[in-house]
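Two complexes, one shared chain (subunit A), two partners (subunit B, subunit C).
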Partner chain A sequence: MDLINPAVVDLSRFQFALTALYHFMFVPLTLGLTFMLAAMETVYVVTGKQVYKDMALFWGKLFGINFALGVATGLTMEFEFGTNWSMYSRFFGDMFGTPLAIEGLMAFFMESTFVGLMFFGWDRLSKPVHLAITYLVALGSNLSALWILVANASMNMPNGAHFDPETLRMTFDSFVGVVFNPDAQAKFVHTSVAGYVAASMFVMGISAFYLLRKEHREFAARSFRMAALFGIFSTVAVITLGDVLGRLDYEHQPTKIAAIEGLWHTSKPPYEPWIIAALPNDAKQESSYEIGVPFVLTPLITHSFTTPITGMIELEDAAAPRIESGIAAVSALRRYEEGHQAADLEMFHAHQNDMGYGLLASRHAPNQDVTAIPPEQIQSVVEQTKPDILPNVFVTFWSFRLMVFLGVFFFVLFAMASYLSLKNQLERNRLFLKICMWAIPLPILATEFGWITAEAGRQPWTVFERLPTFMSASTHSVSYMLFSLAGFTVLYSIFIAVELYLMFKFARLGPEAHGQHDHGADADHLSVVAH
Partner chain B sequence: MKIFLRFAGLGLALVVALLFAVFVGDQGPWYFAWAVGTVMIILVAAAGGVLFDAQTEDHVSEGEF
Partner chain C sequence: MDLYVILKLVWAGLLCVLLIGLGLMVGMDMGVGTLLRFVGRTDGERRTALNIIGPHWDGNQVWFILGGGAIFAAFPTLYATSFSVFYVVMILLLFSMILRPVAFEYRSKVDARLWRASWDWVFLLSGFLPMFVYGAAFGNILQGVGYHFNWSGQYFQDGSFLSYLLNPFAILCGLMAVSLSVMQGGVMLMIRSENPIHDRARRYASRAGLVAVVLFLAGGVWVRGMHGFVLEQGNPAMPANPMHGQHVSMQAGAWLNNYAAHPVLWLLPLLGVVCMLAEVALVLANRPRVAWWMGLGAWVGTIGTVAASMFPFFMPSTTNPDQSLTIWNSSASQYGLTCMLAVALIFVPLILCYTSWCYYVMRGKVHTADIIKDTHSY
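On to the complex of A and B.
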């Protein structure tokens, strides 16, 4: 009888994906709005103009709603690793737990402490001290993301650790190796700056709403200007770091980059097109209806015109000796566990780099035990395991494309927004303002697609080439998983509904409804302009 | 004494900034790029706000944004 129930693994994956995607609806706005609030408050402190304080207060209120609900959805995820992914936690807990603990103890506490001072300290702290607090909130929220992404990067590129055959766990070697992991660096900056884009679109869209209704015009036009400039630079940074991540995937996760590009066979440089649209078929291992731009893929991925990119079918073939070697590694490890013979340990060390492939093969072994594979059936198990090394190509391919298409759209939108704002021609372009308003949720969607690309593309591994996903889950019952999945779906949907209700409510009320437009001398000036 | 302390404080901040730039710029170039880039984005956005004020004062009669 199989020890691992594939239905439980699939439900665990679905539950984690659901909770992560729900949580990630709140995160980007928190990451970006805090720094935008800091920018607004900086102008307030430097110029002393009340309208910038009003801006910091109003957008800060919307940030507060998002922050509270974001925290609520994030807390459960940390427990999920223990409840639903206990095998993973046992195998990788040393590596994963350290950055997660630092996130909780340092970044989250810092962010949560200072956020209280930021909201309630306006009348109790001096201007420069309050500004410093706002910057610390922004830094804390982004440091929080940093540690989460350091943990995530160690799953994609497990630097600073080695597998210990005595404890059967990954052991932490180097803190510097984990923190300065190239994948962590690129992923953190890409994610953080994607949050800036989301916040820019949020502020710009709501400001466009006021400008369309000719309400709070000076407030809205100023907010729009700052958001547009914040957004255009952030979008350029997101695209730059996206390229860095693609390059890292090409070097370290060839299956992910091949799936992202729908590349079944090794590319033929320099002609190889970048596929704009296609219908990849995972079962047949081919794509239909391909539309591409020639001569783009090779320089885009390899930064050269001559380097070929290995296709998925060739990667499958190249994995065959690693699967066989991995079976030898896992078999030697099992024997070493039982007898502690030096020869078994030596055999394990000779094949340990392929251990993950051996664990992957256990899915096709009798009773999921590779030591039970008869020698004459090893090749058959290897052949069955080969397609398992690939992620779901359709999901990876399309989630990446939707993210990229949206990124290009944001670049054009922010460029136009900056130009029209700098030229003071916003109110003449009502259609453009409407597009800005309707575009508010799109950066959130783009970050969701980005997350799906990163996580679906890493499959079939939880820890790349070390631990397969199907061996990482806890051994719950299907009914338990269904019950908790339904619970999370209902609870998180309520959170989203509450967030949307509060956001719409306070955005419609606008800054004046909160009694924040007490401009003094500035008010006369504003009234002149408004007429 | 106050002036000396101010200079000492600023000198210390400068040393810390240089050490940060040398160490993080070498070990974690993208972390460094994020720190510098975020400050730049904030400053550009802030400058946009200040420019808005200047433009509004110049064209106050037009009343259009």
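On to the complex of A and C.
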């Protein structure tokens, strides 16, 4: 009997989350630093001032250390859909594989080919040509993000495709529908600009470190100002697009938005509060210790004062008929697959929009086979399946809140940084500089929370309302999964240790040492520079 | 012919192009990685070898990534099933692959003997193992793999990963791929290095080339006696669904049927052998630039030979041959293949142009004396 082992599905999810979150620690810096490098080099080419070339070289070196791990861990992502999500990859290959392949052809090839010239071509290319290469790297990395998010958006909002009972796959109908998926457009800007925030904070924080030590002062002051201004604009853009995304989720993924807001019952406008903090309990389907601001939720989500937002309990009830209809769809599909009778196909077409819910119910069916549910037990399977339509509320609720709190903090920080930098009052505010330095990892943390909100909030689906996560994983044994998980844990731990060591080492070494001393001297050299 | 059938064929052809690009370009860089500890005795020499491929390895590696992406897009069922069936092997490949970018970027950033020596071993591992797995994968699919599908299209594995690793024919194919990669890596080193690296590279490249020829011919003889698969019934225009619609039989020596039916196909293995031998001769004659292009012929011949024997199979199943994955039953939809083709026709020529331009910009010998002074380089 070919059954799905829920433990393997959970381990596959855990491994995917681990490797994706890890990969995403390096991507935001790449996205933002490429543009900052291009901006620095532009100023160098236009003004001819050496300090801007020093900036491009120094930040370029730190970029390189980060980029290597981004590329390495990206390899994992490209293969993991096939190695661990075979059913998903087969079912959704048209829609997900196509943008992924286009990403390689259009963006990643360009970025990777030219990054070599960017590092090695300083002496072989004229200034304008080298600058053009740097821009191509920036363009490549950002186009890369665009196509990845187009692919991701089609999981959240499967536009431009229909399910084909002859092939049992989603069939691609409209390239335009996939590329101009509103979710993709908003997500691309939101995510890539979040990368600019991360890069701004990185450059600003390290510059603050030099200002605190009164080293490389001109270099640090210029880098700081550029980063602060880049950061404030980027933060505003991230927040604006975050609002657009929330609105899209409200229209297309009501379970996600209800979980994000911890909204167990349909809201009562206009009083309904926006909950700042609470302890959502997934098992009891209620929250305790809610603290909220009244009158905020309705306009925030719906951009009106009168529209109610459907709560999770009501969404569960509304899903019951779809689950029942989905069971009929999947049963008809299976009979059609085995016997090719026109009547079964007709039956399937009558219920096909609910097929995903039928697949979701299969884990509660005898032998995971919905055709084997006796008619008198269908209602009980529907009842068991109802809570499954919700994501994990605690995780979704809190990851969203942490992201938002951090975003507001960045806005304040960059606003103050821009002001102090433009007034030339930075070096007097040592506490502020220290905060800037300690804030370096926070935007990366915020983007991780953003990823968790978007992807944990999409659960229980890999393809929203079409394919449940439970059905998507490869049918490995637990020992296979333990083998790969152990390997990833060991390798990735070594990588992060080495990366942090080198980052700290070269950041401490600073720009002036750049290119003048051999690698060997740095340990001793460091103390010379420091004193 | 039906448009859908033409698209499936075109994409199978493009997949071969990608696999050739992967073997040639990534294989070359991995060959340099494998040879690193042998062509370079001192740290300066090793850094010279690394900097010869330094500006290009990242771009070349995208052939590998694109290979994965293109299979995903054009033949999703093949991507989903092959990557999962070979799980343990694929994960080993991945682990060795992800070490490589890190090794390039981090090796020369710390000047400590143990640090650099460790990364040099990583280069050996991450050059040898991926190419070995790449070749061994061909060995395994030629022999067939144990899997079947249930009604929903979910695959289930019927074989153990050990049978894919400890399999003499697969080991032969793996070593063959490693030999080609070492030969090509050696040739690249000859083009851009001086003595003593140049002469050492020459020695390894010529030997690896001869090994490749021997293994290639041995593989050919082996296949004659091996069981192959025959598509008895299956409509090329069928909906891409591996669960039914095909009838497949297993017969000894069947992988040579296509050659018997179309003797012109023998030109492919011939091309492979001739190019490998020519490459060895040109290496010995100190003509590495021309030899490099023979490497292209060697890969076209090798991948072409496998493709010609297996056509139209991608990955036959030994436990349920009727559900074997073929060009006809594992592809994406007609619309998807069309979109991808349009994108590929625009971007593949563009990629070839700018890759060539990058090699042109970075042309010339890399001098060990310059590398030792230069701290920006690898």
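Simple rule for what comes next: the second predicted complex is superposed on the first by the 512 of 531 C-alpha atoms of A that agree within 3 Å, B and C clash if a C-alpha of one lies under 4 Å from a C-alpha of the other, contacts with A are read in each partner's own complex, and residues count from 1 in each chain.
Keep in mind that, in the parts below, contacts are C-beta pairs under 8 Å (C-beta built on N, C-alpha and C of every residue); 3 or more make two chains touch, one makes a residue touch a chain.
It should be emphasised that the depicted structure is a prediction, and the values quoted were computed from it without experimental measurement.
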* Partners on subunit A (subunit B, subunit C) - clash or fit -> fit
* When the two structures are overlaid on chain A, which partner does A:E218 contact: first (subunit B), second (subunit C), both, or neither? -> first
* Touched partner set for A:T171, first subunit B, second subunit C, both or neither -> second
* To do: Rounding in steps of 10 degrees, give the angle subunit B-subunit A-subunit C taken between C-alpha centres.
  => 90
* To do: Please indicate which partner A:L502 is in contact with in the superposed arrangement: first for subunit B, second for subunit C, both, or neither.
  => second
* Asked: What's your read, subunit B or subunit C touching more residues of subunit A?
  -> C
* To do: Could you look at A:T42 and tell me whether it touches subunit B, subunit C, both or neither (first, second, both, neither)?
  => first
* To do: Check whether A:R124 is in contact with subunit B, with subunit C, with both or with neither, and answer first, second, both or neither.
  => second
* To do: Could you look at A:A350 and tell me whether it touches subunit B, subunit C, both or neither (first, second, both, neither)?
  => neither
* Asked: After lining up the shared chain so the two structures overlap, which partner does A:L279 touch, if you call subunit B first and subunit C second: first, second, both or neither?
  -> neither
* To do: Please indicate which partner A:H476 is in contact with in the superposed arrangement: first for subunit B, second for subunit C, both, or neither.
  => second
* Across all Cα pairs of subunit B and subunit C, what is the smallest distance in the superposition, given in whole Å? -> 18
* Structure fact -> Dual-contact residues of subunit A (subunit B, subunit C) none
* Contact set on subunit B toward subunit A in their complex -> 27-31, 33-34, 37-38, 40-53, 55-56, 59-60, 62-65
* Inside the complex, what are the residues of subunit A that reach subunit B? -> 35-36, 38-40, 42-43, 46-47, 49, 52, 176, 179-180, 182, 185-186, 188-189, 192-193, 196, 211, 217-218, 220-222, 224-230, 233-234, 237, 241, 244, 421-422, 424-428, 525, 528-531
* subunit C residues touching subunit A - in the complex, by the definition given at the top -> 51, 54-59, 61-62, 64-66, 68-74, 76-77, 79-84, 87-88, 90-91, 94-95, 97-102, 104-106, 108-111, 150-157, 161, 239-241, 243, 332-333, 335-336, 339-340, 343-344, 347-348, 351, 354-355, 358, 361-362, 375-377
* Of all residues in subunit A, those that touch subunit C in their complex -> 2, 4, 57, 61, 64-65, 67-69, 71-76, 78-79, 81-94, 96-98, 100-106, 108-110, 112-117, 119-122, 124-125, 164, 166-169, 171-173, 175, 334, 337-338, 471, 474-476, 480, 483-484, 487, 491, 495, 498, 502, 505-506, 515, 517-520, 522
